[in-house]
């Protein structure tokens, strides 16, 4: 399969993730959307690592996974804390930093 | 008569096509489902599709990592949280925000498609990958020689994240004072 | 305290290094401009180290007793040590930049110390006055440094002094400008005419401060500066004459004012100005080491006088008016003795330290290359005045009846008396150091001062001194009526002197009032109606606009994310279509 196909798949997933992040109001789903975007980039890195016959892309993807895992864990803990204090999970209601 | 290699290539391509499209559809499912639990399930499907794609692109090790870390650990965590907080359905309203978001995201998609197909991007061609490409051994050799420092830093990052999560989860904070309007 | 002791120990062994620059590290290096954090170690700076830390140490010990009951004891010592530190920076500086840094720091420290009793309005005003005067000097110094950098391309003492003789003919415009600008700083710091008015007012500070700053160390900075830059001054004989002239005029001017003041510390302050005038005279006529020697002996006996006066004031619960003192020699024998020694040294009584240094300067003012009979005559006259006023306050304070009912004078505690005794010994015997100072400083100044001897002139000067003492004795010991008679007979002069030649009033009329008028005008018209209005409007408009913009900051994560996507789209548009 050509490289265009890979690019198109990756771009589609990324855009879907971005749309999800903007449209959804549930922070959990927003986090899932972030995972989608990260995964699309991982996918691109890995396929091009294969095209270029260089392992750097895979290493990079591995590190992205590490960071993503850390991020998800912390993010979920924050969501948990927010829920505990506010009993509400709508991100639009969390606007105390409003100018 | 078709050469056996051509047949293999064709099958290979078809598999990639199907799995790739499934991944995109699954991702759409994540975004479009209103119930968090379905979203999580779609995301797991998406992860597995991606793991398959990794496998097809010579990244065995990362495919396994994808399954274990993402589809396993991270998604379990998500499901736990959903179970804990209750998977309430989200009502989508048609707002300016929503339509603007969609407009811009579609523009972004168009731009990316354009840059992927008609833009000045060049096809890259590496040689045929060697036997060991993408195996745990190869990744390990690379990781512990060239990227040792980064690897250690990543471990530190994970440690910090673990400590941070314990702090966040263990100590309860006093409820924040609501803004009086 | 420990710090000062430590630096004492560090510098007490006289280091024989000459003209050595120790670069601690390079601070700034921009193009041709280099600035090193360096200290210059040569006999002159070591000499100053010794004076500053030596006298400083004694004064610290004294302060422990003097300030013992003050609620802000620790603040006082913090300031005192800041002062010592800045003075050492000033003295150790190896270039004009750090000289100015030390110079300004000393000014700051003196401001803080003079205004130490901040609840006293007069102290605050005096501190401000001192600061303003010092800043006038600082400005002169800074401009001088800029001119020096412009013409030499460096600020380092060593380089400048090495280059100067080859660059300028004597009395070149530039060298005159540099030396005169440096003099502005020196005069301001050393309270010479016409920038002297801060020094008497500075007596509002605690007495150890007066002793430290206004007698022993800070005011000598100007003298040190001239000595340090003597290479430049030798290229500008006109400036030298100017220094000598101002010095001698200040000497007699301050001496005459000191004769009629009633505040014991003020008298000593005027006396300081007068003695500084002698030092500048010595600088002006080129006998630098004599000037430095007088600086040292003066530091001893003037610190002694201040601290003895402080001891008196302390025992009288803050009374500073000599008209209310008297008869203290019985209750305060040690203070009396040390004050007497200080007074004798100041008056130049034979065999005290002041005798050696002052007589040498007076003699040189006639015999040195640049001296002349006018300088000598005025110097002798000033010496007579010196003897008169110091014995006037001595007699008023320690003899006769106690004129302040209700006071219970007592001898000061040992921690205050012991420093007095140390300084008294130095003031009495410091004279023997004269030849040593000469030879020690000789490498810096390039020559040894020839001590001329002239029996006739020496005798006249001596007679003037003793005459002054005798006059004081006659007027204040024998009969009080006679004093009043004299006072009436010389009423106009007395008034003039008592009001300090009306210098403060003249300054007030010439400078302060026009400035205030301009200030009032500027405040009303320019500031209120011009600047404030503009600034207010700018502020208000910005507030309006930002209020509108702040609506954008909705606090909603999704809106921010949308903004981000918009940004990404825009950038990609450029990437794709450009």
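Each chain gets a letter, A, B and C, in the order it is written, and its residues are counted from 1.
Simple rule for what comes next: a contact is a pair of C-beta atoms (placed from the backbone, for glycine too) under 8 Å apart; a residue touches a chain by one contact, two chains touch by 3 or more.
Here the structure is a predicted model, which is why all the values come from computation and not from measurement.
Student: Is the chain-to-chain touch network here best called a line, a ring, a star, complete, or other?
Tutor: Looks like everything touches everything, fully connected.
Student: Which chain is most remote from subunit A in terms of Cα centres?
Tutor: That would be chain C.
Student: Quick check: more C-beta contact pairs in B-C or A-C?
Tutor: Looking at B-C and A-C side by side, A-C shows more C-beta contacts.
Student: Compute the distance, rounded to whole Å, between the mean C-alpha positions of subunit A and subunit B.
Tutor: 7
Student: When the centre of a chain is set as the mean of its C-alpha atoms, what distance in Å lies between subunit B and subunit C?
Tutor: Centre separation, subunit B to subunit C: 76 Å.
Student: Taking the mean of the C-alpha atoms as each chain's centre, how many Å separate subunit A from subunit C?
Tutor: 71
Student: Which residues of subunit C are in contact with two or more other chains?
Tutor: 558, 562, 565
Student: Going through subunit A residue by residue, note those that touch at least 2 other chains and give them in order.
Tutor: 18, 22-23, 25, 96
Student: Indicate the residues of subunit B shared as contacts by at least two other chains.
Tutor: Expected reply: 97, 101, 105, 108, 112.
Student: Could you pull out which subunit A residues touch subunit C in their complex?
Tutor: For subunit A paired with subunit C, touching residues are 18, 21-23, 25, 30, 91-92, 94-99.
Student: Inside the complex, what are the residues of subunit C that reach subunit B?
Tutor: 558-559, 562, 565-566, 568-569, 572-573, 575-576
Student: Could you pull out which subunit B residues touch subunit C in their complex?
Tutor: Per the touch definition, subunit B meets subunit C at residues 97, 100-101, 104-105, 107-108, 111-112, 114-115, 119.
Student: Note which residues of subunit A are touching subunit B in the complex, please.
Tutor: So the residues of subunit A touching subunit B come out as 1, 3-9, 11-20, 22-26, 28-29, 31-33, 35-36, 39, 42-43, 46-55, 58-59, 61-63, 65-74, 76-81, 83-86, 89, 96.
Student: Can you tell me which positions in subunit B touch subunit A when the two form their complex?
Tutor: Residues of subunit B touching subunit A: 12-13, 16-17, 20-21, 23-24, 27-28, 30-31, 36, 39-40, 43, 46-47, 50, 53-54, 57-59, 61-62, 65-66, 69-70, 73-74, 77-78, 81-82, 84-85, 88, 90, 92, 97-98, 101-102, 105-106, 108-109, 112-113, 116-117, 121, 123-129, 133-134, 138-139, 142-143, 146-147, 150, 154, 157-158, 160-162, 164-165, 168-169, 172-173, 175-176, 179.
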